[in-house]
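There are two complexes below, and they share chain A, which is joined by chain B in the first and by chain C in the second.
Now for the complex of A and B:
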C-alpha cells in the first residue's frame, strides 16, 4: 500500500482540527469557572454542570428524548421487519414503488415534514402531544431501520427456514425461532440507528413540540436562540460525552463504518 | 443529523441489497408480500401522504392579519413568492450557500477520504471514527461550537488579534461566511462517506500497475483514481446540496433573524408571523426543488457513469 506524503498528512491534520475544533471548544468552555462564556484559564470548575440540575426543564427534556427515541424506534422496527421480509424475499407488482415510498422520508426536507405534521396534528387534535411526536418520529426513522433489516434479510440462507417448515414448524414458529434470530443483528443495529436519528432530530421536532412536551435538542435550540451562556455549553458537553461513549460501544459491537455506510454484512 | 446519510445508498442504487439477492422463487402465496408490507403502507399513507397533501392544500389558502386563514383556493402565495424581491433574495442566498458548501465539501472531503484509505490499520480506524463521529452528535451542539468560536470576542477573533493579523474583529456571526463554514463542518462527513464508499471498489493494485508502468504519482491520481471516485463525489454532492439547501438549525443559530434562508423563512412565517399558507407555499417550493434536484442529478449521474455503478 502506498504511503501518504507530507502534504497529505498536513492536509489530514488540518482537516481533523477543523472537524474537532467546535466540538472541543464546547467541551472546554463548559468547564469555565466564570459566570460568562470564556475559556477556563483560571482553573476548571463543574459549576455549570451543577447548574443543569437547577434547570429541571433540561432534565425533563432529556428524559422525554430518551423515551421518545426508545418508543419510536421500537415501533419503527416492528413495522420494518415484515416490510423488509416482503421486499427482500418476494417478487411482486409494485415492489420498487413500495420500497421507494418507505425510503422517501429521506428525500423530504425535515422542515417540510415539520410543517406538514404541524398542520396535520393540529387538524386531528394531536398538536403538541407526546403521541404526535412518536408518530412523526416513526415516519422519519423508519427508513434507517428498514435499510439495515433489509440488508440482513437479503443475505439470509432460506434453506434453514425450509428445513424448519419441513420438520412441521408453523410459519409463526419458524419466524420466531429461525428467521428472527438470524436477522437479529440487523434488527438491533437498525433499532440503534433509528434511536440515534430520533434523539438528534431538531428541525422537524421544533414545529410539533410544545413547551410541556419537548426534546433535549429542541430545548437547547430554543435556549440558544435567546442567549448563549456556559449553561448551554455544559448541556451540550454532556450530550457530546454521552454520544462519544455510545459511539465507542457501537464501534466495538458493530463497527461504526458498517452502521453508517450501511453495507450490511461484508 | 445523521438524517440523510442513507440518501447515499438510495442514490447509489435504489435497493442495492435486494438486487444482489438470489432471484426470488415463484410465489406460492401471492398475497403474502402485500400483507407483510400492509401495516407500514397504511402508516405511511396516513402519516406521510395525508400531511403532505394537506400542506399542499394549505399553501393555496389565503391569510389576513385580522381574518386568519381563509378557506379560499388561489395561487396568491406562490405569486407573492415569485414576484417579491424579498423572497428572491432569500432563495438566491439559500442557493448560493448550498452551492459554496457543496464545493467546499467536495474539495475537502474527497482528498480526505483518499488519504484515509491510504492510512495504516490502527490509525485508519481511529481517524475514520473522528471523521464520521460528528454525524452522531446533535447538530445543535456542533453549531453551538461554531457560535463560541465565531463571536466578536470569540476564540478565532481573539487569537487572530493576539497574533496581530487583524486589528478589528471579523464578523462571522450573522454572515454568509459564518453559515457556510458551519454548514461545511456539519455536512462534510457525508462527502467523506460517499467518496469512501466509491474508493472501496477501487483495487489498489491498479494504482500500483500504473506506477510500475512509469506513471508519476500525480498522473496516477488524475488518470486512475479520480475517474473512479467521480461518481462518489457526485452522489456526495447531491446529498450535501440537498441538505445544505434545506438546512435549518445551523443557519438559524449562526445566521439568526438577520440572515434568513428558505428554511428559517418558512419557520418564521409559521411560528412568528403565523401566516401558515405562505409558510406552506415556501415549504412546497423547497420540497419540489429538492425532489427535482435529487432525482434529476441522480438520473444524470447514473446515465453518465453507468459502467461504474454496473
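Now for the complex of A and C:
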C-alpha cells in the first residue's frame, strides 16, 4: 500500500528530518564532555546530567511545572465540560458571546496577559503565589481544552441521552454513564493539550513567577541568560526521555489511540 | 376506559404551531400510527408523550395518571429512536441491561431478562457485540429489545424502519407485528410511510400541518378518506373537479358531462370526486371520455395517464391478458358508484 512516489518520499523524509533534527541535536549535545555546547562533540560523558543533581532548583521547578500543569488542566477541563455541553446543545442569549469570550485568550498576546496579570495579582495580593500561577494558566489553556471537548460534544447524537432518560436514568446518571464516556476522547485529549500548553508556557509565566514558585521553562530561560553550558541541553534531553517514557507507559496501559482518538474500544 | 389520552395537545415554536389542538385516545394493546408528511407534527407529538418536549397546552394521561407531571425518566415508556440511539460504548447485552439496571433489578434476574429479550428479537448470539459491529437491522433489533425489556406501559417508535433497506424493512414489519401480538404492548408508531402504517396498525392517525385529518382503521381510511389530503396521502388517487347539484333523482355530481350519484350530505356547488386508480375501468359507453396520453408497463400491472375534460387521471389495470387501449387512443372511463367519494370542493 505504498502510494508515495519517489519525490514525495524524499520530501516527507526531509520534512521529518527537519522536525526531528533539533530534538536529536539537543540529545546528542547533552552527552558532551565539553564545557560548552558543541557538535560534533569530542567526548561522551554524563557530567551534565550529574550537574542537574547539583542544581536542585531545576528539580524543584520541574516538580512545580508538573503540579501547575496537572492542577490547571484539571480545572480547565472541569470548567470546559459543562461549558461545552451547554454551548453544543442549547440555544441561549449570549451563546456566541460566551464562546468567543472563552476562546479569546488565544487571541491576546501572552506578553500582554503577563503584564496584566502581574499588575492585577500584585493588586489583589496573589503576586508570586502558586494560586496566581494556576489562575493565569487556567485562563490561557482553557481555549485548548474547550475546543476539543466542544468538538466531541457537538458531534454527539442527542437522542442517545434521551434514550438513557427514557430507560429511567436521572440526568446525573445519564451524564456519568453515557455522556461522559462518549466525550471522553475529547476530554482526555483536551486535558493533554492543556497540560502541554501549561508546561510549555514561558512568555506570560516569566512575569508572574517568583523565585520560590517558578516553572521549569522559566528556570531554563533565566539560566541561559547568564550561562551557556550544556546543562540546559541535559535538562531538555531528560524531559524528552521522560515524555517518551510517559507515552510508552500510557500506550501500554490505555492505548494512546483509544485515549486521544476514541477508536478501538473493543 | 381509554388507556392513553391526548387532550387538546398543542405545541408552538414561536409563531409556528407544530401541533394544533390534537386529541386522541388509544386503547390498551392497540398499535396506532401517526402518519403524515415531514413537518406534520407527528414526531413533535411523540416527543411530548416521551417528555423531551413540553407542550404549550393540553394534557396527556396514561392509564388515568397525568403523564406531563412526570419527568422523562419517571414515565416508564419504551422508545425506539429513528437513529436507534444505542449506547456505542456498550455491548448489545449491556445496552439492553441498562434500563433494568436503572430499575435496580438484581444481576441474576437481569442477565436472564436480557437473554430472553435478545432471544425475542432473534439476536440471542449477539449479546457481546458492539453496536458498530452490527448491521442496521441488528442495531434496530437491539434498540427494540432495549425498549421492550423494561416492560414499558407504552412503546413509542419514531420512524423505526426508515433507515433499513426495503427487504429488511418488510422483515422487520412482520417481526414487529409478531412481537406486538405476542407481548401485547400498546404502541405508538410514527412514520411517513403509508404502506408501513397500513401494514402494522390497528388504527392510523393521518396528520397534516399539525392537525389530525382522520383517525380510522387503515382500510377504512383508504376506502373512505375524510379529505382530499388523506385520499392523496394514502396511496394514489384521482381528484376530479365537478359540480354538486340536486334534482328529482337525488343529489348528483357532474364531472366532464357525466353525472354520478352522491351519497353524502353535501351543499350544492363545487365538489371534488376521488376514485382510486385501480378502481377505474375502461367502459364501452356512459363514462368520462378521455385520451390515453401514456401507458407504462410495471410487471404485474399497467399504468395509464388519461387526459379528460375534468383533469388528468391515473388508471392502473392488472396485466391479466385482456386487451388494453394503446397510446393516443380515445377511451371511456367508468367506475362503480361505491368506489368513489365526493367531498365539497373549494369555491
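Here is the rule we use: the second predicted complex is superposed on the first by the 213 of 266 C-alpha atoms of A that agree within 3 Å, B and C clash if a C-alpha of one lies under 4 Å from a C-alpha of the other, contacts with A are read in each partner's own complex, and residues count from 1 in each chain.
In this section, contacts are C-beta pairs under 8 Å (C-beta built on N, C-alpha and C of every residue); 3 or more make two chains touch, one makes a residue touch a chain.
Fair warning: this is a prediction, and the values are worked out from it, not measured in the lab.
When the two structures are aligned on the shared chain, A:212 is found in touch with neither chain B nor chain C. Of the two partner chains, chain B is the only one that A:201 touches; chain C does not reach it.
Of the two partner chains, neither chain B nor chain C is touched by A:42. For chain A, the partner with contacts to more residues, out of chain B and chain C, is B. Once the two complexes are overlaid on the shared chain, A:57 sits clear of chain B and of chain C alike. In the superposed pair of complexes, A:162 makes contact with chain C only, with no contact to chain B.
Residue ranges of chain A in contact with chain C, taken from their complex: 157, 159-160, 162-171, 173, 177-178, 181-182, 265-266.
Of all the residues in chain A, the ones that touch chain B in their complex are 1-4, 8-9, 11-12, 15-16, 18-26, 29, 37, 39, 79-80, 82-83, 85-92, 95-96, 98-113, 115-120, 123, 135-136, 138-140, 142-144, 147, 150-151, 154-155, 193, 196-197, 199-203, 206-207, 216-217, 220-221, 224-225, 228, 232-233, 236, 239-240, 243-244, 246-247, 251, 256-257, 260-264.
On chain C, the positions that touch chain A within their shared complex are 50-52, 71-79, 81-83, 85-89, 98-99, 102-103, 130, 133, 146-147, 150. Across the interface of their complex, chain A is touched by residues 1-10, 14-15, 17-18, 20-21, 23-24, 27, 30, 32-34, 36-37, 39-41, 43-44, 47-48, 50-52, 54-55, 58, 108, 111-112, 115-116, 118-120, 127-149, 151, 155, 182, 185, 188-189, 193, 196-197, 204, 207-208, 211, 242, 245-246, 248-249, 252-253, 263, 266-267, 270-271, 276, 279-280, 283-284, 286-287, 290-291, 294 of chain B.
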